[in-house]
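As structure tokens, here come the structures.
Here come two complexes built around chain A, the first alongside chain B, the second alongside chain C.
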Partner chain A sequence: MSGELSKKAHLGLHLFMLVFTFLATYPVFWVFAIAFSGKQTLLLADVNENPTFLDRLRAVFPWPEHPSFQSFIDVLSDQPFARWMLNSLIVAGLTTVVSVFLACTAAYAFSRFKFPGQRAGLMAFMVSQMFPGTLMMVPLYIIVVKYLGLGNTWWGLVLVYTTTAIPFCVWMLKGYFDTISIEIEESAILDGASRAAIFFQIVLPLAKPAIAVTALFAFMTGWNEFILASIFMEQETLYTAPVGLRFFVGKYSQLWGYFAAGSILVSIPVVVMFMFTQKFLVSGLTSGGIKG
Partner chain B sequence: MIRIQSLSLPNLVGLLLAALLALGLIRWFGNQTLKADQHAAQVRRAVISAQALAEGVEGLLDQDQGEHLADWITPWLQKPELEQVRILRLSGAQLLYDNRETASLPRRLNKDEKDFFDQANRLKSARQSNIDEGLKRKDEIEISVLPHQLQVCAPLVREDKVVGCVWARLNTVPANPWLSTLQVVFYALVAALLFGLLHGLLGQPKSAGKAWKPFGLASALLLVLVGVFVVLNQAALNSQRQKASDSVHQTYQSEYDQFVQGVAQLGLALDPPAENRWDVDSVLRPIGTLDAQGHLVSPELSSGLSFRNLVLCFVAGWLILIFVGLGYAQRLVRTLRENREAYLFVSPAILAMLVLVFFPFLFGVLLSFTDSTIYNTDKAPSEIWIGLQNFKEILFDFDIMTRTSDGMVINFDNFYWTLGVTIAWTVINVFFGVTTGLILALILNTKNFAFKRIYRVFLILPWAIPNYITALIWKGMFHRQFGVINQVIQMFGGEPVAWFDGVFSSFMTGVMTNSWLSFPFMMVMCLGGLQAISSDMYEAARLDGASRWQQFRFITLPSLKIVLIPAIIISVVWTFNMFNIIFLVSAGEPGGATEILITKAYRIAFEQYRYGYAAAYSMVIFFILLVYGYFQVKVSKATEAHV
Partner chain C sequence: MAGIRLENICKRYGEVSVIEGLNLEIQDKEFMVLVGPSGCGKSTALRMIAGLEEISEGNLFIGDNRVNDWAPKDRDVAMVFQSYALYPHMTVRENIGFGLKMRKMPKPEINQKVDDAAKMLGLSQLLDRKPKALSGGQRQRVALGRAIVRNPKVFLFDEPLSNLDAELRVQMRSEISQLQKKLQTTAVYVTHDQVEAMTMGHRITVLNKGQLMQVGTPLQLFNSPDNIFVARFIGSPPMNVLTASVSASGDQVEGPGFKIPIPPCYSHAAQSFRNRDIKWGIRPGRVSWTQKADYQVAVETEVFLVEPLGNEVIVHAQLQGQPLVAKLPPSCLGQLGDQLTLYVDTRHLYLFDPASEQALSLDQERHLEQED
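This part shows the complex of A and B:
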């Protein structure tokens, strides 16, 4: 309702929104506070034996007692976290390149050609999004690690992430290609251009925005995954950042400072990218596949 | 209608390919069994040797404090395959013997050898817990397979307690295959030749009705070929398998003789074993038995090529024959050639999807009909086939409540409990997500509302952060002692809550986390929908004297439907399969009560190692989603029609 509200009502709404926004963003502030506290505990301040209301308030207020960069420095130098970030970057980067290329070619064919199996192929991509991950893990492990011998390598993960990202990317790009007018291509064909030339020199440059969004989606697929990564990568030096983060606060360790600092380092790039692209993602999600 | 090829060439090619496939598969199955047998025999031999040595060392330690340990072991070292032997006594972490060690022994283990000490301790606790539980559950002998090597660690036992261990590393001989590829090719060529000859004798079919003849001939030849192939080669397979089994008996005998000899030489009061204690599996259950003369006898070998596998191989070959012989292959080739360009463009993506999505999926479906566990991964699916057993076990187990001495107890492992939790989880989360998102969107859509953009950016944050990080953050906040949430509760004078100890509170941790990260999506979707509604509609409604509620009910909600329904559909699937939150926040605590279907399936596969059962579980999830998807399509078509 875009009705006009009185000033008083506005004030009330602002009050509500302020409280809600504070509560909703509290976990984020909290992580920042832990990361900058320089300590590994969950508490932001020491609570003595008989804490008063204010002591407790101090312990939950998201501001570190002694702000320091120690956790950031330590997590990058003492812990192999920089290495893990690099692994993640390589895996996610390769995933992006491979899946964007494969998705572009496939989406172009689905958009521009008529061929037997076209509908079936698109449907198969869609249905594949519904395959439960747990059903695929054991076979994937057997295929990638045992048959292809790609356990403990970047390529094993890249291949798996690529195929995870492809269906969504194909649907998204096909939708975009459909909107590009076919006349330019037809005149190019008349001029004797080959399909490959048309694809690389006309269609791809026109589809840049959609490709950018697809690329970001593919990147995030690789950047955020941790289950397959923890199954495929057994050596600690090959962990990806998510596996490493979970390792900090897993069963045997409670290194919350490292976790918080690492989380911030890992999240900032994706959060920034996300803010720029969420509009496109939303439209892609609702028109394309159905999977998280 | 497929035009049946009257030509014999496709049949000839089909027969050749079919023969190659069928025979190749048979060879593969045979080799697989043989390899397994040879491997098992190698492991058994290593265990026999280690156990025999361990028994001797136990006696030596008892009777002369191990003075003659080296003398006892020397003859043992003659084995050509032996790489290294170490003997450890747990008390004092004493390395009693190591054939590679030149320094004086015994000595204390050093820091690098901690693994070895841990291994002995594992054996100790395994034996203790097996005795306590009265179950043979944990390995009492550790066997690890390395490339070309085997490591065995057998316990030294005194009065039912593990006091140390014998550790040996042995080289293994690569397995001999049963048949070469060349033999398979030879048989296939013979079949093709026969077909050509017979076909020449019988002549080309004159009418279209007789076109089945060459195909029938090829099929018959394939069947005969498979039969002949098996009859001629099965004996060789079995004799090779027998050889592997016999080698175990020989090892047992030589160990026995050596034991007796050693006892005599050192003048010990040790009796050679009267029952089989050496040829055992990893939990010390005897494999073979001793006959009246004290010779080891192995259990009877099962058939190397089961009838079921043979039928499977034949059917696979025959399908190829149908495909090529009846002309389907030609049609496929023609289609591929006509749409060359299109297929060229899609093939890389399709290929990747076939190998890493569709093939694993089919593999998973196959697994769901088997009893595959971590212990039988090397077996062919046809050997561990159990049909619908897994599904029966999942779907027809209504044992949700059990009566115990403490009253009724819910069986959290039951499928229907988990299904109920999953449905509750999905409904509650989507409900919270939609209501919160809708309310926020309505507020943010208020005309002239200040700071809209700032609120929006902050409120989107929970969605932007990778959800595994969110989950771990909330896990920290729910910490019983130090978590923020309990601090706040205590701040207002409440008692701290042990969030993960109660079913309801543990479930709520997941709900809170998931609602937190899912409301922004709904908010963004609703905002999009709200902004699409033209203000003229409200204007008109106001002129007609519609109240605020009426405007909302009759303008806003119906217009929102277009965006809300797809958003809800999508988030139902997301939430239903929201693995990360449950897995990382409550981890199914307490006792698996708050597990949802997908995390349960993961646990069955990777914590209980029941791959077949987990695959069946996942199949059930898949079918639930398929049914949901079917109705989803229907519903969204219906709403589209209305709009």
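This part shows the complex of A and C:
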């Protein structure tokens, strides 16, 4: 197909794509520019009262006047941002471990055993995904903070994030387990392997791609969540990174430099995890759906 | 080492009955083939012996033990699956040794046994490879290695060769036979391929719709089928079975276009069918196109399909509306629509009760010769 396009059409197509790529990435460049500007304003350049066209162009070009790391240094030293990142890491890490473990065992049961409520259970998981998160805010606050007394603790958030992440993880993993040939397990049964040995030594190693994708999803559930974290965590030292970020830009402060630098720092772990699981992502996301 | 005994085994899924009252005795060190068309229950029977399917009713003995309620791993059986069912994430060495590892055998001993098994199967060079780096035949050998390394009481094979190409299948067929002969382990082998059944089995069990049709050596099944099903299932092309009636005198079968004398071995049994319908059968190899002796009776047919196979020609003909297949020498040049006189070897006629489809009993041993 590529060779068939005329040169003109080719050029037009590329121009079209360039414009949209620019539009999509412009805000990201802006965040980077502000983070590296070392200033706390949203403006990258001062514009005088009668700006020329060049002045205007300079003002919208996402490049800081005096590039510096000052915002990064300050956000980590003057502000407790490192502490908040650590909180997020702990919460998201625990969420990942707990939900992946529980989802693996649950998905295996859904995939391999026949039991009353099997279909209903899967459907319930699916339905639970359809409600908007804000709907759960008040009941969750009452249950977790008032009844269970888990406000201002990591465990409160881990509990909520895990329950949020599990349904998707179970569906994802069940789809993958379904593609693993039952004969492999039967073969292991005859080889004398116990259920546990089959699960841990045969099924889980084979499901690595799906587990990697599931883990990434579970991690991001905990890492990015803002609303519940902001109402559960009242002590400043227990803030997670998204809550902390919001704290920089509020009624009384407009620390856009910290906000931008913090945003970039927050995205680093996810990008790293993504890079590790990238090779599994494609196979994991597709192979769950189709047989073979 | 142990024999296997199935006593009145039934398998039902809810209302659906897959196997009904199966009785079968497999001798120690015997190579028993279970054969039948798809859905006849042969794989289910095998999986019940393995312990992968529950037995709805009846008793299963391995050796002297009733093993109905034994876990698969306690039955000391090894199974080779159609899909090989290798562990994709383990090397060949780990695959073969997995069963021993699960049985908590010390590592040096496992390595020794794996090496021995690999040597026997010609896998020594491949021990560090993963299954995906092996060819189909090599994978099948690994599956065999996994079975033999444990030195089980019984080998179970579930259509192990059906994923292989034709040439490799012939080769693996003889390898499995030789392996079993060498190890002297009782083997139960499920297949739908009657050639595999005939070439590999000491004895063959033919199943149809969950019912036992006949058990016997390959030649017994070929020469003396108990019923029309076995007669047509064993042998290729299948035996011709035609409808006719027995003459008033009881010494010949008659139908439109043919009158064929009943061989002496049936003379008594045929009496009770005088003036009644009967089914008669003749193997395609016993139909020729030249008359060499007077026990060959001529029938007039019309050719409607000719399949030249090189060393022989399979001619599908119509005998007044009833199909008659003949295996003829390649020199036969029958063509579509030709009128062709074929000669039926009356010494090799088979008679069946049309209602029960059971073979009529013989008065005396049939005099059988090699096919010409």
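Here, the second predicted complex is superposed on the first by the 263 of 292 C-alpha atoms of A that agree within 3 Å, B and C clash if a C-alpha of one lies under 4 Å from a C-alpha of the other, contacts with A are read in each partner's own complex, and residues count from 1 in each chain.
Quick note on the criterion: contacts are C-beta pairs under 8 Å (C-beta built on N, C-alpha and C of every residue); 3 or more make two chains touch, one makes a residue touch a chain.
Since we're looking at a predicted model, the values are computed, not measured.
With the two structures aligned on chain A, chain B fits next to chain C without clashing. Contacts of A:120 after superposition on the shared chain: neither chain B nor chain C is touched. Contacts of A:197 after superposition: chain C is touched, whereas chain B is not reached.
Contacts of A:189 after superposition on the shared chain: chain C is touched, whereas chain B is not. Across the overlaid complexes, the C-alpha centre of chain A sees chain B and chain C at an angle of 110°, to the nearest 10. By the touch criterion defined above, A:134 lies against chain B but remains apart from chain C after alignment on the C-alpha atoms of chain A.
Looking at the shared chain after the overlay, A:206 reaches chain C, while chain B stays out of its contact range.
For chain A, the partner that touches more of its residues is B, with chain B and chain C as the two candidates. The least CA distance from chain B to chain C in the superposed model is 15 Å. Across the two superposed structures, the residue set of chain A contacted by chain B and also by chain C is empty.
The residues of chain C lying in touch with chain A in their complex are 50-52, 72-73, 77-79, 81-83, 85-89, 98-99, 102-103, 146, 150. Touching chain A in their complex are the following residues of chain B: 335, 339, 341-343, 345-346, 348-350, 352-353, 355-361, 363-365, 367-368, 377, 440, 442-443, 445-451, 455, 457-470, 472-477, 479, 482-484, 487-488, 490-491, 516, 519, 521, 524-525, 528, 535, 538, 542, 548, 551-552, 556, 563, 566-567, 569-570, 573-574, 577-579, 584, 598, 601-602, 605-606, 611, 614-615, 617-619, 621-622, 625-626, 629, 632.
Interface residues of chain A facing chain C in the complex, by the touch rule stated above, are 181, 183-184, 186-194, 197, 202, 205-206. On the chain A side of its complex with chain B, the touching residues are 1-5, 10, 13-14, 16-17, 20-21, 24-25, 27-28, 30-31, 34, 41-43, 47, 51, 53, 56-57, 59-60, 101-103, 105-106, 108-110, 113-116, 118, 121, 124-125, 128, 130-140, 142-144, 159-160, 162-163, 166-167, 170, 195, 199, 220, 223-224, 226-227, 231, 242, 245-246, 249, 256, 259, 263, 266-267, 270-271, 274-275, 278, 282, 285-286, 290-292.
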